[in-house]
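See structure below.
Naming follows writing order (A, B, C, D and E), and every chain is counted from residue 1.
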Amino acid sequence: MAEQPILTVEGLTAAYGAVTALNKVNMTVPRGGICAVLGANGAGKTTLLRTLSGLKRAEAGRVLLEGADITRIPAERHVHHGLVHVPEGGGVIVELTVEENLRLGGLWRAGRRERAARMAEVVELFPPLRERLSRPAATLSGGERQMLAIGRALMAGPRVLLLDEPSLGLAPLVTRQIMDMLLQLRADRDLTVVLVEQNARSALSITDHGFVLNQGEVVMEDSSRRLLADDRMRHAYLGF
Amino acid sequence: MRSRIAPAAALMAAALLATSCGGAGETQEGAAADLDVAPGVTEDSIKIGSHQPLTGPAAPGYVHISTGAAAVFDYINDNGGINGRQIDYVVKDDAYDPARTIEVTRELVHDEEIFAMLGGLGTPTHSKVVDFLNDEGVPDLFVSSGALMWNQPDKNPLTYGFQVDYTKEAKIQGQYIAENMPDAKVGYLHQNDDVGTDSENGLEQYVAEQRVAVESYDSGNTDVGPQVSALKEADADVVVCSCIPAFSALAMLEAASIGYEPQFVVSTIGADSATLQGLLSEFAAEAGQDDLPAEQMLDGMIYTGYFPSVTMQNDPWVQLFSQIYEDHAEGDSPMTNTTIYGMVQATLMGKALMEAGDDPTRQSLIDAVHEQDLTGPGLVPFASGEDDHGGYSGAQVLQYRAGKEPEVLQDAQVTDNAGGEITEAEVDRPGPDEFGFHDE
Amino acid sequence: MTTTTPAPLLAAEGITVRFGGLTALEDVGLSVTPGSVVGLIGPNGAGKTTLFNAVSGVIRPQRGTVSWKGRVLRRHRPHHLADLGIARTLQGLNLFPGLSALDNVMVGADRLARGGPLAMLTGLGRYHSDERRLRERAMAALEEFGAAHAARAMPGTLPFGVQKRVALARAVVAEPELLLLDEPASGLSGEDMDALAAAIRSFRSRMGVLLVEHHMDLVMAVCDHIVVLNFGEVIATGPPERIQSDPAVAEAYLGDTEEVGADG
Amino acid sequence: MVSLSDHESTSRDKQPESTAPAPTVGDRWRALPALVRFPLAALAAFAAILALTSVTGPTGDLRIGSVGYYMLAIAGLQLLIGYSGQISLGHGAFMFIGAYTMALLVLNQPALPLWLNMIITVVLSCTAGVLVGAATARLHGPYLAGATLALAVGLPALTVRYPELLGGSNGLAFSTRGAPASLAGVITNTQWQAAAVWGTTLIGLVVLATISAGRLGRRMRALRDDEAAAGLAGIPVGRTKVIAFVISAGAGGLAGACQAYLLGTATPSSFTVTLSLSLLAALVLGGLGSMWGAFFGAVALVYVEVWGEELAHALALDSNVANNLPIVFFGVLLILVILVWPRGLHGMASSLADLVRRGR
Amino acid sequence: MDQFINLTLNGLSQGAVYAALALSLVIIYQATRVVNFAQPALALISVYIAYTVSQATGSYWLGFGAALLTGLVLGAATERLLIRPVHGRSPLNAIIITLGLLLVLQGLAGMIWSNEPHSFAYPMDYRGRFSPSDWFALGSVGAAALMLFALYRFTPLGLRMRAAAFRPEAARLSGVRVGLMLTAGWAIASVIGALAGMLAAPPFIFPNVLDEVFIFAIAAAVVGGLENPFGALAGGVLLGLGMSYVSGYAGPELTTLAALAILVVVLSIRPDGLFSRPTARKV
């Protein structure tokens, strides 16, 4: 409790027309933490991330990044504050090449040299991307796209990474690889990660903390280990 | 419910059928309009109307006609008007769209209640209101077009042509070429409407054997490259250009561009040297003649004409018009032959109105047109008698000389628009003082 | 359930779909008999929607057949479904935003009209009786789903739950023999969800239902038979009870095998 | 697909001008079958036109007639764009076909009655609509727009290709039979012509309104809003699109015929791209998705220019400025209305009406 | 044969103009999904500014620069002031706004410079079978296309613009100011439009001078595929050549019909134009 949490969410509410998608969500994420946001389809997980990154307007509540209120700033400014969102499916721009996608992520920073260094780091981190730098992103496999998406986010030098279902449509082995890499990133760079996952077990296996959403509200919050053991989790997903 | 509707519908249909019986195209001849009336004439004014393309793709070039006419009327008004009445000249924009022409003409006749129509411009446009004007008994004077159809006194007793028609002019051009350049190969370049066909009819009577190519352009397509290159291909030494000014200029530029130097023979509609100079002003330098003005490009151009052109600085009418233009025209563009065209129309109108008497009626205006020799500033006789509404009935052949007065190659000739002979015309040109607009 | 197995309305066999190099479905089959509700479940990206699309003719599988009442459908496209007697709802609402709720449902009822093109064009003949019939049928359908009060409202002005009801009314108003429901429960509150479950159960007397859904409560409550997909393959089939106890299903949803055993 | 989402249901739009605002009457009116309601409204409108022409002069009659045929053309375009969601920039081409059909019939078969000419025109322009609609059925959005635009540019060029038949660039001129002898003195020729145009227009509008209020209209609006969902509901998407094209071509052709009849001419320079674009502009200006929009659009098309000219005249401007003022006036009006009232003049009128009603 | 060569060269230089204007349409369509009917008017004002500057300074090239600058400013202003407010509404709204702007600007041009034609110079000597001016037309359009390609391919701005056009949301998440990129797209497109105007206008300018070129530019863009700048270039050249041959061999009145025919043939084979990406459309 001594340290200020890097991300604080207070009473965040968002709606699509008449449908309330988020209802007074409260969260705190400590620096260097990895936390999972879980819940069935339609529970509001994606909306939560979109609202955090400014893609969706918050009806009420605040988002604080290291104490600074970022609730109302435009989505493209979040990168400058060190908060980067990798949307569902990765948001890879398939019309661009792999290298262009990566470059795009680091563009907001000045300094050609720094960008080049970062690119080298990212390629180091994701070897499959190295051989495909000049290929259109459309030719990548699902796992490679997810790597590219995360790599592009890393190019921006984030302090907080919001990841929306990185395992979607991926084989278990690939999912595992990505999860391992997140752990490594945390260890290497003190990166804070908010991970939205449907695959609850694999998410909880690498996170320290989890939030379970239902109907736009946080219905459970606990350490990952305890959530794993909780039967209510199973119910939230499988309904039995 | 339906059982009641069906008979009602049938009844309605039957009623409709009954009332609209009779062919849509079968028109009954109405009684001739009463001409002993003077709408638009008040104690101190006479209202004259015109339709002109002031906007849209066809506007360029023609705005100056009404500017010129307005300047002359302004001049007349400043000098006391016509028999004490000021002339109120109302110009409506029809954008060269016949649908608009019909609308604005009705507006002029019914709402503005003009006394007469002056110089309605364009064949496709004015041809759609000729019947209307004649039915309504509106004198339709001096149509701004060289089509043959204005001169039909039986059908359109109130419509009078103005400019020499395309066939007459082409006959005179053709005869001149046949007589003076018998060995030349001749190519035609003309607009793909009645300007072209009427001109071709005239030319063919004299130069059919010399003719090597007939090319036409569409006024909507400014790329005349293919046509000019075809003329060059055919080795035409003489190109007869029955074109509007923009296309004369385009043809000359295009010819210059491919290194083709035929003798251009241009009809009066496209030979306005002042307009052409304006259009070509940017290109003289590129022609490698830095020290010469644009007119150098036009030097040697043969053209036909029936009223004095702006370059005839010694002509008393041109002198008067220049003065009027300076004093009364709005805007700062230089005077062109197009301006003079409108000024001649206005002058003739003023003259006719003056002769129509102190209490003019439409009938007295028509009588004045019939009885008066309206040659006025023109270079050839003006036909406005009971049986011939043709307007200027012939042309001079001239050659443009850079920086000088144009050279008259052949004096005024007149002819008809059929197979008739071309004869020398005797012209009795009154001076401006004989019109006496400022005597009042 | 009946003891004899009736001939299936819809049967898909050996469906294989590839997108580029990616195999979305591999040798998948399912069948729906009249009066039964079949659930199609699986985690995100398992291929449910792809199968749905293959069945309804949106995409053509590389291998495998779809047959309707024993007849193999070869070149069917989505707009042929209605004529076959199949109604399909789409993920999301897909109501026509420019049409009133009633008009939306009347579009669904369109095939019940008897007038020909001439009547449609001229307003004569059956035009009016058709309009009246369609309107009555549509109103009845709206009433059945408790949305009659919203008949004249534009969809955008209605609460989400009511919009869902309208969409459902539009799907069943033409009395299809088979109803394909694509995630009907998404975004619904508990109360609306109960109503939906009741509605789906009531369909059983009139038509077969194929249901793609994430809400396990709903699936388990209404389905007679469930097909579970994961990574483009069928990993389990059977009645709800069997599915609930199938470790492969829990694994697909919850993750790692080794830990599943402990949870049972 | 282009989705045009800001519309309202037709049932609200079909209130005729003649009904009292009391809701009970309005409701009872709406409950009438289309087959009774629309002809009644048309008859009322026809009476209103007759009354109006009896106080206006011949120029007024001409303008009223112009509003009529423009309204018919725009209403046809409404069906195509506002209802079925297909953007056509070539509607002038169908007016061209209609006008030339009428002109050729009057010139070559003067004994045929007007109504027969109109019917022949509709048949011919519908046939053209089938051809164009079938050829463009696979196109969507701007590609359809581009193809139809080229049609509007290319078709009038035929007149120059066949000058003997179509009169070249000078077009065809003819006069039509005026008011029947039995009505001489009761009604002027121009009144008769305006009435004939409006009679035709109103019959056309009744057909269009009937179509759009019924199954076909519902089908079109459904596929405009969501092609996939409409297909799933059993609506033949391709066929309905072509039908919309054909009907709007028929309306455009009939409008062209009315124009030719009213003006006694058919000339290529009346059917430029500007006409097609003006029709589209007037449609959106008037308001998409409602037949009232066609009315407002047609009025704007005819009168804005007139008002612009009067304004220029009143201000006594320099001739360059005065000549161009009407165009600028129309352009500014277009921009402002779309920026402020995306649903056009009709939308503006209904929101004003709402305000008044609420104020009461 | 000589005629054929002349027609080919003529078609090429005309085609270059169509291609340039089509290119400007495609850039805007890619960025904002709007077919910009005001493009000829933006170009027209640019050309008139060039005319005024050239008259005042006596230098064609100063005028040329002024035209490009005017295009830049007008394009950006149009997007910011008129198109952005209707962003997200039915595309018809934006089309009608651009139509309205077309009328306003053409009218304004007539008010300021009159409807009379003014003589307007070619950039270079226009004489000769394939004159320096023709070379300049072809060369400058080619250079513009190359520069555009380089801008898109090699510069951060171009990368941002492409990202903003293809996937606005993903671009925003990478810190791209999508709105600014759309404005930049309009500005660049209007610069190319101004170039097209400078090439198309000579020998005369008047308010409607670019109307015809614009129609064929739309046709070229549609033929090439609105999604693809390369398609615009190819479509322009195809149309220019086709129309030149038809005009020369069959008659000038058939050129518009020829354009229609080319369009119909191409679209009936490929409904989304010659060079559209098949992935661009969903089922």
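Here is the rule we use: a contact is a pair of C-beta atoms (placed from the backbone, for glycine too) under 8 Å apart; a residue touches a chain by one contact, two chains touch by 3 or more.
A quick note: this is a predicted structure, and the numbers were derived from the prediction, not measured.
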item	value
Shared interface partners, meaning chains that touch chain A and chain D	C, E
Longest centre-to-centre distance from chain E, chain (CA-based)	C
Farthest chain relative to chain A (centres taken as mean CA coordinates)	B
Whole-Å gap between the CA centroids of chain C and chain D	42
Chain B-chain E separation of Cα centroids, rounded to whole Å	37
Whole-Å gap between the CA centroids of chain C and chain E	48
Where chain D touches two or more other chains, by residue	4-6, 33, 35, 157, 160, 320, 323-324, 327
Overlap residues in chain B, where contacts from two or more other chains coincide	1-2, 54-56, 59, 63, 192, 218, 331
Contacts with 2+ other chains: residues of chain A	none
Complex contacts: residues of chain C adjacent to chain A	21-22, 43-45, 156, 158-160, 183, 185-187, 189, 214-220, 231, 244, 249-250, 253-256, 259, 263
Sites on chain A touched by chain E in the complex	53, 55, 74-80, 84-87, 91-96, 100, 103-105, 107-108, 138, 152, 156
In the complex, chain D residues that touch chain B	33, 35-36, 39, 57-59, 62-63, 66, 105-107, 109-115, 117, 157, 160, 163, 168-171, 173-178, 180-181, 196, 199, 259, 261, 263-265, 267, 269-270, 272, 274, 309, 318-320, 323-324, 326-327
Chain D contact footprint on chain E (complex, rising order)	29, 35, 37, 82, 85-86, 89-93, 95-97, 99-108, 110-112, 114-115, 207, 211, 215, 218-219, 221-222, 226, 251, 253-257, 259-261, 263-264, 267-268, 271-273
Touch list for chain A against partner chain C, complex	17-19, 40-42, 141-142, 165, 168-171, 198-203, 205, 215, 228, 231, 234, 237-240
